[in-house]
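Here come two complexes built around chain A, the first alongside chain B, the second alongside chain C.
Right, the complex of A and B next:
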């Protein structure tokens, strides 16, 4: 009866000046599980929560490596992410073949943005239903970008997309000022803590549902899944994988010392012996 | 040209018409069969209505849209393709025509020097004496080309366009010598694979703007590449490289070679080439690339002595 007449295609404006198809695409991102990205002076990390359709099924891939210096985390329709990541891989290969140069992160991000924007402006096309966090290192250092189906791209110190990602963003906003100087492991831990805040009350981060990827200056992209995630979850601590943190934060906020509390916790967990070198033993 | 494909097809179809039909036509009036160039539908009614044949013939349309609106072959005769010169084969570069000779390049402590003379030869004739064979590409790269001058000019066009394209994103990324060299090598190897090579041998020289690490690399018309502390193309590969290697045998020697010494070395080699390479010129261009960028200049061979020529028959006036 009161059907929306302005969402049949992506070329029709509503009387309020909205393109509903594009807005629906942005909604599709929120249907996907959360992904978090964050950056230090030397590294970029992606941390994502994988979902399985049923208890007995496998988990859907959330992080796609593009090249030795580049990877993406997705939230939304994974087939659309496949299209975009295949395209990024092509760009990456072309750059290496033609110039022997790893493709600059901003260039490849701009390329998918242009590709996505076209879809919002042609009848018969639809916007991509996926958001991406792109982590990469190039001549100008480590970079973290967010890509949206609208064709919008934004560079971030820390970003989160997907279901309940506002909680992760809240964590990042509170702690991002310390990110530039943290170690590789600490960066991942901050990512895991942000991701943990997106969990529902009865869920926790496990080796099955957590996916991690890190890339740094002079250090190739490395992805951690399954048992290899354990070391990071152990650093997070016994309690840390649980999702009561959001509640804890709320009470801490009332006291006014939430962020400090967190940093102490981290320092204790890491200990003096923990550093980048310890990572090399994992593979 | 555009008409050949399909109209030829029509002709072939006509010739393969069942002979019975042709006989029928012939039997009734031979004039119509000979004049038509169009396909006719073979139907029993057509064959039985003998007296209507002529009329049907004249209103039968060409069923191929390709022919619509074009001059009818049966009215104007077949299109004459001959003047389009289609019979000539596609030709590729078989040999260089107007050529440049050697390019020299020497790495030194904090940069590279590259030099090439300004002669463009037409065979053994020094046809042009003011040709620039060094091209600055971006801020820290110079490309020097020997071999075919027109192919060099085409390559310069590609590189200029590449650089314009590279500047559009206006980010902090630039193409430096290693990237430019790789690009050129890909272009040259691709053309070789088309059996239509760009007939050049090319030196790419540059320095890293951050580390001042010198870069020098060679690529030729087959896409072959190599690097060395000192490189030369063409005759220089025979005449200059032995001299250059005495001074810069390896990377260690590079780190001990000053810019002044490298310049003197290139001057010396250019002089040897001027004496002994009959395609060389007395005036040459040079470029020095360091982390601060490119410096270019022009120079003439100085302090020449042709005294040795008196001993050689064929030089100068003959007094027999």
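Right, the complex of A and C next:
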């Protein structure tokens, strides 16, 4: 990736009709650790991998509750996610005040999408550097949406964002057809298995680095962190390490240059020093 | 594009020495890779159709719509940058509402096209913004009957009997030109639109796709239409809505079959086939 004349701001089209600043913002998502979302007929679950800056440091939070029926998982710049989630909370409260009902999931997702689009069309603004998975339940049932800095929103049965998330997507694509009828615990378990596939060889899911949230029809959003995650990790059983298949996939990717192995690529782009400071806010 | 802009293409609202605005031309480029989208003006209504590539099987089918309703009697389909299309659609809805508030009437399609053309044009005037990376096909009906317009990033808009934009626009255009819009009915139009989307689809390069199709009709059978036009609502009787599912499925099936037969015997001339279809 090299600098060009057309990537300085988000109000300049390249001759091919691309907006590079928006594409770079999409890259920022891949700098963050992975988050996975999936839904059944009755529930939506979010699972995410938390990162700590240093061994003894605390873990950056990955899941933000919005309302009783709504929560988001993030990958990318967490301050940007906080701006968006605060906005979503406002929308949510406004709905309860005005209409005496929880805000429909699609409505609030559309609201942040429209907000993000403006940032890609005006000089002096920058696109948000964060991707979100929004899980929520409304009159029309459980929903899972993905939000991107471009202002693109998509509804999914299962989705994964963040570093090495391609492995998780591969898992989801293989098994999503069974999701509609699985139980609450099984849904989380599928999420954990997908998340486990994104791990590097020497890492494993622990009570420290795993965050879970689940919301269902007639059931408020509940978040699990720390020791309360243990029950789900125990369900996962065996070892917390990645499946054999993912390991094989990984070696194959290393040989082929790696479609999703982009950690080094952008760090190089940021130049010395800057790479690390940018990483500090990227979770 | 003959040459790229040697310094005159880095900012919006700047003319090159030969009088071009490169950023607007580049915005048009963004559309040229968008999904094939068409509009047909029939005798008794409007059809909007769009080829939706399925980029992942994890996506919820039928979700993530590309065609929206502006007012009861007007629909819009956009091709190009999806978020820009959403912004444009929202603005069109605001215009339609403001027209109602001011004039106690539903907005004529020509007037809405004019206002949206001006809105797009405003985004070519300033270096602080960029043009919309979309073309919008606006279809609706008013006192003068069905009307169809296509708005470009420059703000330019024309009225059409048949409009096509996006990746497969050339193939789609040449198919549309074979139709007779003064005789075409909505029901025939649905089949033609499905066929055109199939023809324009490049199955060597592209993945699987689904067709999204809506129409503007005077005799809707849907429950929404029956519930429309309540107290105080000025409404001209036309409805923009999804083409009934069974109808769309049937049209898609026929289009697929026609295309397969076409592939089998290349000897048969296209004109003969057209006559059979009509």
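Going forward, the second predicted complex is superposed on the first by the 237 of 283 C-alpha atoms of A that agree within 3 Å, B and C clash if a C-alpha of one lies under 4 Å from a C-alpha of the other, contacts with A are read in each partner's own complex, and residues count from 1 in each chain.
Please note the rule applied: contacts are C-beta pairs under 8 Å (C-beta built on N, C-alpha and C of every residue); 3 or more make two chains touch, one makes a residue touch a chain.
Please read these numbers as outputs of a predicted model, since none were measured by experiment.
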{"item": "Three-chain arrangement built on chain A, chain B and chain C clash or fit", "value": "fit"}
{"item": "A:176 touches, of chain B and chain C: first, second, both or neither?", "value": "second"}
{"item": "Partner chain in contact with A:151 - chain B first, chain C second, else both or neither", "value": "second"}
{"item": "Touched partner set for A:140, first chain B, second chain C, both or neither", "value": "first"}
{"item": "Partner contacting more residues of chain A (chain B vs chain C)", "value": "C"}
{"item": "Touching partner for A:121 - first (chain B), second (chain C), both, neither", "value": "second"}
{"item": "Touched partner set for A:6, first chain B, second chain C, both or neither", "value": "second"}
{"item": "Touched partner set for A:101, first chain B, second chain C, both or neither", "value": "first"}
{"item": "Three-chain overlay, closest Cα atoms of chain B and chain C, distance in Å", "value": "7"}
{"item": "Footprint overlap on chain A, comparing chain B with chain C", "value": "110"}
{"item": "Residues on chain A engaged by chain C in the complex (per definition of touch)", "value": "5-6, 10-19, 110, 113-114, 116-118, 120-124, 150-159, 169, 172-173, 176"}
{"item": "Chain B residues within the chain A interface of the complex", "value": "169, 171-173, 175, 178-179, 182-183, 186"}
{"item": "Residue numbers on chain C that touch chain A, as the complex places them", "value": "1, 4-5, 9-12, 22-23, 26-33, 56-60, 63-64, 81-84, 86-87, 90, 123, 127-131, 133"}
{"item": "Touch list for chain A against partner chain B, complex", "value": "97-101, 104, 106-107, 110, 138-140"}
